[in-house]
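Both complexes below contain chain A, partnered by chain B and then by chain C.
Coming up: the complex of A and B.
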């Protein structure tokens, strides 16, 4: 309503615009009408609705499907709780302390649920797929990439020449190559660089390649954060008698990481989108499932339905991540020590 | 005392890195001997035996791998340079639209950015190729006749024929990168103080003239660094062309590696080509950057 009023006011000032705006409004209406009528009438959603378990879990054994489904639902629930519950210091302290640990525990939980162990039967990684694989790839690579990226950033800003130059070389080379080449390299060459006896599965290879790649980007974002910390902070820490390591751990890094959160969020969202590249390299994650379905002659001409569905899912995941990051960014102390 | 510790620490890092590399290279050598491969680049002069759908230079399957890679490199350059122009145009338009006085335009631009940036490029490429372009009719009689035709065989504009694969990659890259560039442009516009906008409006300049003469020149120094990183992203993302069968550098390398089994050599060549491409884009952007800074100092 407010937008309408603003538009009317705007058009009063710019008469030519009002003609154009009317045209655009007509166009938008037409597009909206066409899309809605396609979604409701013309589209045949059976290709999606009959394969919902496939999209969620891939070719996971049907009697064990509850495991990836449980993990996805726990993640969804945790996301909702984190978004709804206000985390402010003082109020709701309990939630602020428990939620981070819930998030951390989701990773081992996901691995156990997917792979088996602790009384659950083993499911080989080639049976993993769909949304559960997409999320697992994202979470595992992000968790590996973050510490490695922080180390690289510290090396890049170190005053020791050897550390600085080797980190810089790694970061620059990694940022120069396209991801798909790194993934291809990982798929083909990681086995060549390892002793013959050691064989690692394809999901792990992909995770390693994603993490090695993402770490270079994380390093640059963290470096931006490190550079934003005034030198006086380190000096103040030194005056208080903190060792360089303590100063880094207690004073510099927490602030630098907080500054880097928006950029790191973008990297995480990029990572989730990039897991779709594995569809080209033989893993059936979310996009791979869509591709496999469309290769089935029974679903010829159902491309648009599948792509719209996949697009909506990816959009949902990425938006949820962006919202989560905004929540983290706005909770806790800022640089000035005030609560945002 | 502190100096010795610094040296010891660096020495430790060097030893660690060398050991790591030694172990990796040793494993590699063992594995290469085991598979009977060894390192060699002589395969580059052998005939490829595969056809390339698109080639700016004359190319036959009897030509060498080196030639095929060059043809692929030119195909990559073609789609990257066209993509840079299209993405920049789209990004600047959408980015400026987000700060337009027209709420409708603002809303449309915001919708474009928020939808496109949250969907993987690969999915978008599939959409452009399989739905938008291959979904076109076989023949599409248009009133413009020979000037412009749009069919599932490709696009013809004034006698220039663009293949469906090329068009799909171009559309995908420019729409996707355009959204990111729009964010960069918006950030740059926001870095110009509000007073400057109010000043040109109170001087009676039109929105378009004010944007061009007052705001953009001041926003450019903030926009250019972000822009060049988006350009590098576009160049790297162009390798996804393999998904729709456009024979770019990566796709040719991929086929060559699969046929010859020369993964390490192929990967090294790919790495070199991309380092070269990055240096090229960086150099161009640096020249631009300097020109902008110099202009800013003069005025």
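Coming up: the complex of A and C.
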């Protein structure tokens, strides 16, 4: 009742405001209604629903599909556990120790499940595809880019001129070149330098190109974190007899990386979205599956359904990553009064 | 009587012509408390920072616990000296990402390779001595300034140093927090620790110091035992300073 009165009074004093608000509310309603009715009624989702295994695993041999599916499920389960279990330090130390190792082990596990070995039949990288390939590309290149980026950032802030200038040159060049060009270089040039017989895995080539590219950006994010650490922290470490390397490893980097988490999350999300560029290079990851399906005359006119579906999937993955990053950020103590 | 620190004619210049230390001579005897006073910019912080190699001297002779710390000193020697010389800073400089306990056990475990159990037992007893044993699991940001500074003292003591350096340990504290830190330092002095303290706390200097060194613009103006220093200072500059801060 009171709110109603306040609203009426507000409308009397700000007529233009009120008209605008009403207009915007009407517009939102209309867009929502149109979208929902399209999704529920007009859209023909058969193109998606009949190809769910294809979206998940690409042209992976059907009798082996359980392997990429198992990996995706494990990733999803681990994500949920990480998001749900509280990892405040001290109170739940055990979880805080085990979870990171679970995440690290997902990479070799994914590679073995996808490629074969350890008793599983070999599946060539040509046959990898869909969500499993998108996630594998993202995770592997992120894991390679992080240490390389940290090394670059340290080189960039080093006292040795040679190290400093070469790191800066690398970062500047990589940031000045579009990713798609780096990917084409990776695809076309790397084989030229290698002997004919040695054919490296197509996915590996993509991962290396991605990692080399992303490392330049990671380096700048980490450098930002390094600069936020006051010199006095290094002094305090030195005074305790810690070597420069120990000071870096135990005092400076843990704080710098924590500060860099929001920026690094941006990079990780960008990396996931950039894997869609691989569709142009012939890897059939998530977007590639969509394009292949739409090339089939049977699905003419189903563009909107396919792209809305793909958009929803990318949204899901990126949101999961953002939530994970927030969780990591909040699991540590406050640094110097800043809310972490 | 052993001499813990021997500094003979040490000089240190910043930039082109700013003489931070100008021909400074001082000996610190084992077990004594030396208080260094002087206006800001007089070089007193620079002086004690040379005692553990945080600042390199340009010329002169500096000998800390029998190890030479001149401009040709081996970095590994400097590192070794730092394990035997504790230091407490004005701004505490605790590691914010580590708990209080981890702050204190870091160096014993990583530098002296002590076992965790041993290092933690030592840390708990130091925290108890500092009167903050209930804070062990907290993080620096959750503590008051006075508590943080006492943790910093405990962290330095964890390596069983032979000398403790204090660089204006109470200057960043609220007035009512100053006492708790000074009390901790007083206890330490009574235990016979060799201490070099840069401070403006006259009361502390009067009561605890064995000797007082007064510096201005990089020079030692006056060096005397505490009683003489406060009652019959020889130099006009010293008397002026004491009058101003009294």
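Basically, the second predicted complex is superposed on the first by the 318 of 340 C-alpha atoms of A that agree within 3 Å, B and C clash if a C-alpha of one lies under 4 Å from a C-alpha of the other, contacts with A are read in each partner's own complex, and residues count from 1 in each chain.
The rule is short, and it goes like this: a residue touches a chain if its C-beta (ideal position, glycine included) is under 8 Å from a C-beta of that chain, and two chains touch if they have at least 3 such contacts.
The structure displayed is predicted, hence computed values, not measured ones.
When the two complexes are overlaid on their common chain A, residue A:189 makes contact with chain B while staying clear of chain C. Of the two partners, chain B and chain C, it is B that touches more residues of chain A.
Look at A:238: by the touch rule set out above, it reaches chain C but stays clear of chain B. By the touch criterion defined above, A:269 lies against chain B but remains apart from chain C after alignment on the C-alpha atoms of chain A.
In the overlay built on the shared chain, the residue A:52 is in contact with neither chain B nor chain C. In the superposition on chain A, A:181 makes contact with chain B only, not with chain C.
With both structures placed on the common chain, the touch criterion links A:19 to neither chain B nor chain C.
When the two structures are aligned on the shared chain, A:169 is found in touch with neither chain B nor chain C.
When the two complexes are overlaid on their common chain A, residue A:250 makes contact with chain C while staying clear of chain B. Once the two complexes are laid over each other on the shared chain, residue contacts for A:160 go to chain B alone; chain C is not touched.
Residues common to the contacts of chain A with chain B and with chain C across the two structures: none. Contact residues of chain A toward chain B in the complex are 3, 6-7, 10, 13-14, 17, 21, 24-25, 28, 160-163, 166, 173, 175-181, 184-185, 188-189, 191-196, 269, 273-274, 276-277, 279-280, 287, 291, 294, 303-304, 307, 310-311, 314-315, 318-319, 322. Of all residues in chain B, only 6, 9-10, 13-14, 17, 24, 27-28, 30-32, 34, 101-105, 107-108, 115, 117-123, 126-127, 130-131, 135, 232, 236-240, 242-243, 250, 254, 257, 263-264, 267, 270-271, 274-275, 278 touch chain A in the complex they form.
Of all residues in chain C, only 52, 54, 79-80, 82-83, 86-87, 89, 91, 93-97, 99, 106-107, 110-111, 137, 139, 141-142, 155-156, 159 touch chain A in the complex they form. Listed in rising order, the residues of chain A touching chain C in the complex are 89-90, 232-233, 235-243, 246, 250-251, 254-255, 258, 332-337.
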